[in-house]
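In structure tokens below, several structures.
Presented sequentially are two complexes of subunit A, the first with subunit B as partner and the second with subunit C.
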Partner chain A sequence: MTAWSYYIATLTVYFGVNVLSALSLNLQFGFAGVVNFGYILFQAVGAYIAAVVVLGPSSAFQQYVFGARLPFGVALLLATLAGAVLSLLIGLFSLRNIRRDYQAAILLIISLMATQVVQGYVPLFNGSNGVTGVPRPLSSVPLSLQGYQWAYAGWVLLVAALAYALVTWLSRSPWGRALRALRDQEDAAAAIGLNVTALRLQVFVIGGALAGLSGGLLVEYIGAWSPDAWGYAETFVIFTALFVGGIGNYRGAVLGVLLVPIIFLELPRFLPQVGYPGLMDSMEWIAIGAIWMLCLYIRPQGIVPERRNRAARTAAADARPARESVEVA
Partner chain B sequence: MSLLAAHDVVVAYGGVRAVNGVSLELAAGESLGLIGPNGAGKSSFLAALGGQVRLTAGSIALDGEEVGGMPPYKRARRGITRTFQMTSEFAKMTAFENLVTAGHGAEGASLRNVVVRRRRTRAAERAVAARAWSVLDRFEMAHVADLYGAELSGGQRRLVEIMRCLMREPKVLLLDEPMVGVAPHLVDKLLADLRSIRDDGIALVIVEHALEVVQELCERVVVMALGRPIAAGTFDEVVSEPEVQAAYVG
Partner chain C sequence: MGSTLVSAIGFGVVLASIIAIAAMGFTIQFGLTNVLNLSFGAVMTFAAFAAYLANRHGVGGWSGLGVGGAAGAALTLALGRGVFRPYARRGAHLFEMMMVTLGLSLIVNYAIQALSHNNIYQFVVLPSTPLHLGSILITHTQLIIVFIAIGVLIALISLLQLTKVGKALRAMAADPDLARACGIRTGRIVVLTWLLSGFLCGLAGVVYIINAQSVGYTTGQLFLPLVVAAAILGGAGSPLGAVAASLMMGIVTEIVAAFGSEAYSTVAGFGILVVVLLSRPGAVRGGETGHTQLTL
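This part shows the complex of A and B:
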């Protein structure tokens, strides 16, 4: 039973972390049309920062920058900040007035370059070996291992729920509406007075902060982080979850996370192994690509499509009482 | 002083000068037609006025203020807004949302206002919604308020674009081929709508291939060919000029 408990608790942590990722990408891509193919980089920076600021000073065993022993709450804040600052720096030059597909390509290339830099320059985050031995948060709290795991899973779910509330609120605000205008028709959005560059940068930074937070939450649970953990393909798993669940709809994003990185990617563990070792794992990535393409072909709006905001139902329309019963065609 | 004044505007794409020294002045409530054969530089000139392309040389002033170096959103906030040759409705937003998105003032829909100045933002939302309904009513479009931009007909999309511009309360409205995609029986309605907008004191600059529309709507017409103005005057005056006939017929 303990093994099952550990497995389910770990899966719950991954679910919460992936929900944060999906919320972040849905805000950026689903609402603002920013195709962040470098998403995983921002999660990785959060994970690295959260790790090195609790690991203590760099040692002969592993080398890294910013070594410190800070409380885990501070580490999470710094991870969030790191995601935001890196997004700002990268967004400032990659999200200028250039075509959207070029922006996506630039972001993907940056994330690939970053992997190489982290692998090649050991003093940064201990190279290919990555950082290990990240201490368990709140280790002084008297909890059994099992109890701790479930407490941590609950904590991650709570953070994910708060993030859900935040992005939903922002997306329904006039600012969120401006993002959708930017997504649908950038030139027209600018021509009616929206500062599209600023909007894009803002959404990129907020998404980056959530990504950093998700990395921090994950590394404090699994205790280690290396370049192997943040291959560019991870970004596409979250994109696939969005396309399956529904772009521009946060409930769809959560559903997509449940279906793709949790159920679909975990199922093969319970199937008999076929072929040589590793074949099933490789097939999974091929299947992820196939699901994405299939979804675009059969149901591009996803299982839960973007919701239509009917004018009569919004508070704004109440300013005009005579139209409370607008018929919807 | 004229409302809009463009002087010696040059727009070059690489070595090609799409607009090569065009000047014009426009008063409030005036409508100006820009006509000419394909490749004359009309749309590029309109884009130069709206800020979608950079000026290679020249200047553009609105109410005496130089706006030639400003990005499109700043020009829109000062009163120059536009529609596009390909309809530019926000496809996955309702017609109502298309309008209210344009309704906030220079800083209204900003993240700062949404997060910090919540009460003020809510009040602005109510005012904008009321204005959107009045604009929808004026153009007899309230019945499509909840339809997505992508679900509207060609003519309705044009109208949504124009109404969206009006939500900004512009001084100058730039229209790039507003009759493209509009069903023939709706052309007269759109013409009447544009006339009423002009009568509100909004200056119109219209690029249009349908010459009868220009004849109906514009007091003044500028004919362009190869990036330069080759004739200016009333519609009847310019079409009788031999140079204009040569440019069209070749």
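This part shows the complex of A and C:
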């Protein structure tokens, strides 16, 4: 029974962290049309920063930069800040007015290259071995292991709920309307005086901050972080969750996280082990790719489509959207 | 110092040759169909494994290049016809199509991981005898790789400039509607493009593992950023541009690796991409070179 309780608490933590990721990507992709295929990089930087600022000075055992012993709350703030700053730096040149498919590919490339840099340059974050032994926050609190697990799960859910409130509020604000205008009709949005590049950068930085926060929360729970934890493909798990749940809709995003990363990726643990070790992992990724392609094929709007306001619905009914023609020779 | 620089340039040319073969295949397809094909790396790995298996079953040495090329061409055509085209028919645009290629690359990459038991396999075609060219220490194999790249460039340019098919291909890349109105059999040209792109992709995959002497499921994926960057830097649809960009990237990467470290060489490759974005935004915007619709 205790094993189950432990397991469910762990799943809850992952659920909360993934919800943060999905909220961040949904804000960027679902509302502003910014395709962040390098998402996992921003989560990774948050995790690394949160780890090194509590681990104490760099040692012979593991090398890293910014070694310090700060309280965990400060570490989380720094993780959030790190995600935002890295987003700003990368966004400044990658969010220029370029084709969306190029932009997405460039962010993916950045994520692939960052992995190689961290692996190759050991003094940065201890290379392929990663940083380990991150102390648990408030470990002196007199709680049983069980109680601690659940307290942490509750804390992550609280943060996720606050983030949910924040992004829904942002999306309903005039700023959120501007984002949707930018997504749907970029030229028109620019024509009415919106600074589209600035808007994109703003949403990218806010998303990056949420990503950094999610990384910080995750690393304080699992206690270690290495390049294996942030392969480029991890980004696509969250994107698949968005596709399944519905793009541009936060409830859909939460539902997607429940369905894809949690049920789908965790369920196989209960299935009998088939083949050699590692086969199941490969199969999971193949299935993620298959779901991804299936969603694009049959239901691009997801299970819970975005709710349009009345004016938009009327307008849509008046003018059936004339899609650009696709030449099929 | 001087000799280090010269040999770094030598290694750079070898690396550039491998990038260039792949980038030529990528750019010719990209220029014509407008599909930003991120499954390219996965196909490279597939072809590399095909050559590895052929080698294990007695298909010796350099004929693995043919096996890899054929495997790449077959898979690329199958994907182009069987996957990309149906999506385009359902109304996928540039961006959605890129997402499709990405989903596909996940499936192919991890299928290869599953089939290869996530191992790295040794692949030695020829014992590499070192060769001194001035102060450059290079192997026979590497020299042959450079010549393969030069051969591919000449063949591709000749195809594009001297043959009727090449003319049709260039016409379609410039304006597919007009090309069709002129009576060009656009469907056949698209098939040819997939085959050509796939062949070069497979060839690059095999050449890569001949040089690296090992093959694993990440082989193509790790190489993909360099290929895409070279194709974007050289301009979509331009083999000569792709080769020039590959040379620049290969040489810069190796010089940085020689004087700094491997990690910095990755940063250098990344830096070139940034420079491309800042200096040639027009080429990346799609409006400059003409059409922005998918041609499948």
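General remarks:
In the analysis below, the second predicted complex is superposed on the first by the 310 of 329 C-alpha atoms of A that agree within 3 Å, B and C clash if a C-alpha of one lies under 4 Å from a C-alpha of the other, contacts with A are read in each partner's own complex, and residues count from 1 in each chain.
Everything below uses one rule, namely that contacts are C-beta pairs under 8 Å (C-beta built on N, C-alpha and C of every residue); 3 or more make two chains touch, one makes a residue touch a chain.
Computed from a predicted structure; not experimentally measured.
Contacts of A:I109 after superposition: subunit C is touched, whereas subunit B is not reached. Contacts of A:G120 after superposition on the shared chain: subunit C is touched, whereas subunit B is not. In the superposition on chain A, no contact is made by A:P142 with either subunit B or subunit C. Once the two complexes are overlaid on the shared chain, A:A233 sits against subunit C while remaining clear of subunit B.
Once chain A of one complex is fitted onto chain A of the other, the partner contacts of A:P272 are absent, as it touches neither subunit B nor subunit C.
Where the contact sets of subunit A with subunit B and with subunit C meet, they give residues 323, 326-329. Those residues of subunit A that touch subunit B in the shared complex are 170, 173-175, 177-178, 180-181, 183-185, 187-197, 202, 248, 306, 308-312, 314-320, 323, 326-329. Put simply, subunit A touches subunit C in their complex at residues 35, 37, 93-94, 96-102, 104-106, 108-110, 112-113, 116-117, 119-121, 233, 236, 276, 278-279, 282-283, 285-286, 288-290, 292-293, 296-297, 300, 323-329. Residues of subunit C touching subunit A in their complex: 36, 38, 83, 85-100, 102-107, 109-111, 113-114, 117-118, 176-177, 180, 186-187, 190, 221-222, 224-225, 228-229, 232, 261-264, 266-267, 269-270, 273-274, 277-278, 281, 284-286, 292-296. Remark: subunit B residues 50-52, 71-73, 76-77, 81-82, 84, 88-94, 96-98, 100-102, 104, 106, 108-111, 113-114, 121-122, 124-130, 133, 142-149, 161, 164-165, 167-168 touch subunit A in the complex.
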